[in-house]
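I have placed the structure first, in the form of structure tokens, so that the comments after it can refer back to it.
In order of appearance the chains are A, B, C and D, and numbering begins at 1 in each one.
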Amino acid sequence: VAITLGPNRYGKAEVRLVRVVRDTGTHSLTDLNISVALEGDLAGTHLEGDNSGVLPTDTMKNTVYAFARSHGVGALEDFGLLLAHHFIATQPQINGATITIRGYGWDRLGPHSFQRRGDHTQLAVITVKGDESQVVAGVEGLVLMNTTDSEFHGFAKDRYTTLPETTDRILATEVNARWRYIGSTGDFPAFSAGVSAGVKDTLVEAFRSCYSYSLQQTLYAMAKAVLERHEEIAEIRLALPNKHHYLVDLEPFGLENPGEVFNAGDRPYGLIEGTVTRDDAPPALALVGGAEWFA
Amino acid sequence: VAITLGPNRYGKAEVRLVRVVRDTGTHSLTDLNISVALEGDLAGTHLEGDNSGVLPTDTMKNTVYAFARSHGVGALEDFGLLLAHHFIATQPQINGATITIRGYGWDRLGPHSFQRRGDHTQLAVITVKGDESQVVAGVEGLVLMNTTDSEFHGFAKDRYTTLPETTDRILATEVNARWRYIGSTGDFPAFSAGVSAGVKDTLVEAFRSCYSYSLQQTLYAMAKAVLERHEEIAEIRLALPNKHHYLVDLEPFGLENPGEVFNAGDRPYGLIEGTVTRDDAPPALALVGGAEWFA
Amino acid sequence: VAITLGPNRYGKAEVRLVRVVRDTGTHSLTDLNISVALEGDLAGTHLEGDNSGVLPTDTMKNTVYAFARSHGVGALEDFGLLLAHHFIATQPQINGATITIRGYGWDRLGPHSFQRRGDHTQLAVITVKGDESQVVAGVEGLVLMNTTDSEFHGFAKDRYTTLPETTDRILATEVNARWRYIGSTGDFPAFSAGVSAGVKDTLVEAFRSCYSYSLQQTLYAMAKAVLERHEEIAEIRLALPNKHHYLVDLEPFGLENPGEVFNAGDRPYGLIEGTVTRDDAPPALALVGGAEWFA
Amino acid sequence: VAITLGPNRYGKAEVRLVRVVRDTGTHSLTDLNISVALEGDLAGTHLEGDNSGVLPTDTMKNTVYAFARSHGVGALEDFGLLLAHHFIATQPQINGATITIRGYGWDRLGPHSFQRRGDHTQLAVITVKGDESQVVAGVEGLVLMNTTDSEFHGFAKDRYTTLPETTDRILATEVNARWRYIGSTGDFPAFSAGVSAGVKDTLVEAFRSCYSYSLQQTLYAMAKAVLERHEEIAEIRLALPNKHHYLVDLEPFGLENPGEVFNAGDRPYGLIEGTVTRDDAPPALALVGGAEWFA
């Protein structure tokens, strides 16, 4: 029995990049948080401290900034593909790269003035392995609420079940979504066309319009709407915490509470997660260095 | 020499209240985080564990929820005054109350559907002591950026100064503002008229339009604009972290960087704080239980 | 082409449980954060809002508390196995469960008095699918530093490399480790024997004693030490952020800085991740609802 | 009526300093987060953007690092006094300085190896104004729990009171304490003698040994113990959140719960704050730029 090095990766995490375009008097702004992770033949440094195949993570940071200058930053997905291909093309010992980019939105106040939004974070997770490319995009932290049109009843019960059934409750969640684009050759025209922003709008609209009997049903409706509307997408995964709003019992004070006064709970929370897919979707690439039980 | 109990207060912090108005098919929503702090004759419980004068903090929480039902929740300031007066009026041993309310904004998506904003938090700090009332309102977490029209030079230098002077830099800050309304009798018609929201807009506009030679200058311009536009306000205090954006040195890679690629730093950060006041403004009330060196 | 429901799971996240044992005058304390995730035949609720197979997440919370009373809480791993088996055994439509438990340490101050530690969090991730069981344990947030005995040189260089080579630097990291126990039948005597605590000590000692030429080398040394010392463990995965300590340039002030004054950086940071395994280790079970590209 | 600049200050916040002493093979380590705030004649920059009196905050950061090298870092309080006096002595327009220092503890693992503690943060807040000096020290984030010897009953009740009285509950809090040293001339020999660490131990012991009828009573007992034991201290202020542990109702499952199974709540929480003082203590200095209603 021997002890061996298994899946591994390394990189620079959370490079903060603000890119200003100031070619004219009207500036534009991109505000990103970029992480690079590489895999390849890295046994030398692990086993013997031989760093001849280790491009410093500091160099990855420099590359992000230099590329932001020389190539500009358009769609997150395109910038991620550019970076991923660069590291694989130029470092012979590296054969896989995952670039994770989070983007923060700003509203324009004037020609060179901006106010930071905070309603959600945009996401792109680009993986390139040899000739194969995978583009996952997403949103994080998008909080939505329906104050009615949500029921929950008819559920399974056991001796530990005390939850009352309800035909009218608040349904609130923080949408965390990731969708994978079809294609593996690096040809992804969708990004410049703004598909990722459209997916966000589709998710919001599907949440809004779904009369819900469970958060699972809402999840599926949101995911299905995205796949129906966006042919470029192979599958989508949603993680939806059920942000419980507890109806406060006001009877001790001689008051009714017809769905008006709620305590917004912190913990615990329900957590509903699911993937919805086209049945002809090719399988996904694993992220570099992946190990399922670590997630 | 004796050891004595000094300033003190107690209360319930961070009561999370979501109030839905559903009188018609078009619902509305108020999302608040409310803290209650009371002061008065509380020596008994401190010195002897005699709780006869201690209204439980759990009761304060119940009161918040019951009042939200029976009185409704309009302007944060009005709800805070209502709560403060209640505790002083009904608990003879209590003579001061500070109610701190944070409000989270939501955008409407439909008749009963909402999306949480995240661009800033609304604030109200109400203090009532005996017959005197004080209303402070504010905003927190409002992040603004000008990508030009900001210079910084001509500053004091000593042997530890290495900062280069600049005639063009990014100026970014997170606005944390509190303003105090004129008046002390509980007669504050300004709130229902939406003055607090207007102050936020004034701050944003003043930041945007100020050609800046220092963040201090911008601070004063923002504060002055508020006092000039809003007669109801006696003074305003701003805490403006200077969210440094460092121009990345790309020369080692043969690239110029004419104000386009920045590293958004986390720590350290400059912190500029100042109060601007009408010279005839009456002095402020101290918050209950105050002790300056603790803040 | 059809749209279909793919991998999914649901459950209650972050149930906060404090279990006191007070059979004698000397109390003991367990402080846990428990998340339950189940998978199985859940298409009904997703596709049609039919909840007949959905045990409420509220019931999962109740079950955690009831089991804490009736079974007690010993090793995290044992409590996780108990919960996972329960849900699968009693809910016919459920065939997989992952229970994630974080444990917070407390130091004893007296027979019934405690002070919370904050040096690391203990972790257990239990997965049961049908007849197969998997136990992963871990630590999170364990911050270690060597102020010397760390070099970094001989690395790959490209046109974006500016990092100087060094033969003496601070090496600091926050250990996030997960290790998988051998066995799949639910027979894991190791936990009661305290192996997980021993692994933590092994990791600390290996970090301390490793003369390092790269954080990768330290990672491998830490992992190898665990597998050599603990036969019960099939593999271990480490995620080690490189908490950079930047030597401050004091030359402008006429001062040398021989490794004494450092700026502890926040972002970006290097991130080194790797798995080390016994070559005869059986493959790992995927967590329930797993989708690699979502992690 | 005119608009005028009121109290103000500026500085650099959160300078992260790690100072290693490596004179021998056995290294030692100080890990600090330092904020500088100055007040003085700063109207020029606010009103006209005239920065001739503005020492850049970047210079303050440089000064922290340079002083750490040339003077070393011993007690937090001494380092804070050194910095405060420096800025006032060398910048004629500056007449007040508050230096806030947080210190993070590390346990020794070997001659040059350390593990970060996380049980509390050490604090020093130094204020110098002209010839007067004030030293406040403190602890933050120290979490303590007694699993019995805590009662709460006999409290005031009104129509909103539903809390049952109890003769046995968990009492848990996170100690946030600040104490002010006697003296104003800069002569504070206490620090090198380690008084601040002793105060922490006194607080812990007083919490442990107090049979409590209210958290207020415990607060006073803790504060009194410090003043009785430490003659160097003029007053102490404690902010003690009541970290509620809710006894879980297990009756629906046919189980008793004799003080064994608790839900550790997040929000809301009680918050008890109070100052205990020697009756001959001189009044405290306000922090620079202070404005009570902003805290």
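We take it that a contact is a pair of C-beta atoms (placed from the backbone, for glycine too) under 8 Å apart; a residue touches a chain by one contact, two chains touch by 3 or more.
What you see is a predicted model, and the numbers here were worked out from it, not measured in a lab.
> Looking at the contacts, which chains touch subunit B and subunit D alike?
In this structure, the chains that contact subunit D and also subunit B are A, C.
> For the pairs B-C and C-D, output the one whose chains share more C-beta pairs in contact.
Per the contact counts, C-D leads.
> Is the contact between copies subunit A and subunit C built from the same residues on both sides or from different ones, judged by whether over half of the numbers are shared?
Looking at both copies, the contact residues mostly coincide.
> Expressed in ° and rounded to a multiple of 5, what is the rotation angle of the C-alpha superposition of subunit A on subunit D?
180
> Using mean Cα positions as chain centres, tell me which chain lies farthest from subunit A.
D
> Rounded to the nearest whole Å, what is the centre-to-centre distance of subunit B and subunit C, using the mean of the C-alpha atoms as each centre?
Centre-to-centre distance between subunit B and subunit C: 38 Å.
> Just curious, how far off is subunit C from subunit A if you go by their C-alpha centres, in Å?
Chain centres of subunit A and subunit C, defined by C-alpha means, are spaced 22 Å apart.
> Hey, how far is the Cα centre of subunit C from the one of subunit D, in Å?
About 32 Å separates the centre of subunit C from that of subunit D.
> Could you say which residues in subunit B touch two or more other chains, in rising order?
Within subunit B, the residues that touch at least two other chains are 16, 62, 66, 160, 162, 252-253, 266-267.
> Touch graph of the chains shown: is it line, ring, star, complete or other?
Looks like everything touches everything, fully connected.
> If you look only at subunit C, which of its residues touch subunit D in the complex?
Per the stated touch rule, the residues are 15-22, 27, 29, 31, 62, 65-66, 68-70, 106-107, 109-110, 112-120, 141-149, 170, 204, 207-209, 245, 248, 250, 252-253, 255-266.
> What residues of subunit B sit close enough to touch subunit D in their complex?
Those in contact with subunit D are residues 1-16, 35, 37, 42, 45-59, 61-63, 66, 90-91, 93, 125, 127, 134, 136, 152-158, 160-163, 178, 180, 212-214, 216-217, 219-220, 224, 227-228, 235, 237, 239, 241-242, 267-280, 284-287, 289-295.
> Considering the complex alone, what residue numbers of subunit D touch subunit A?
Interface residues on subunit D, with respect to subunit A: 159-160, 162, 252-253, 266-267.
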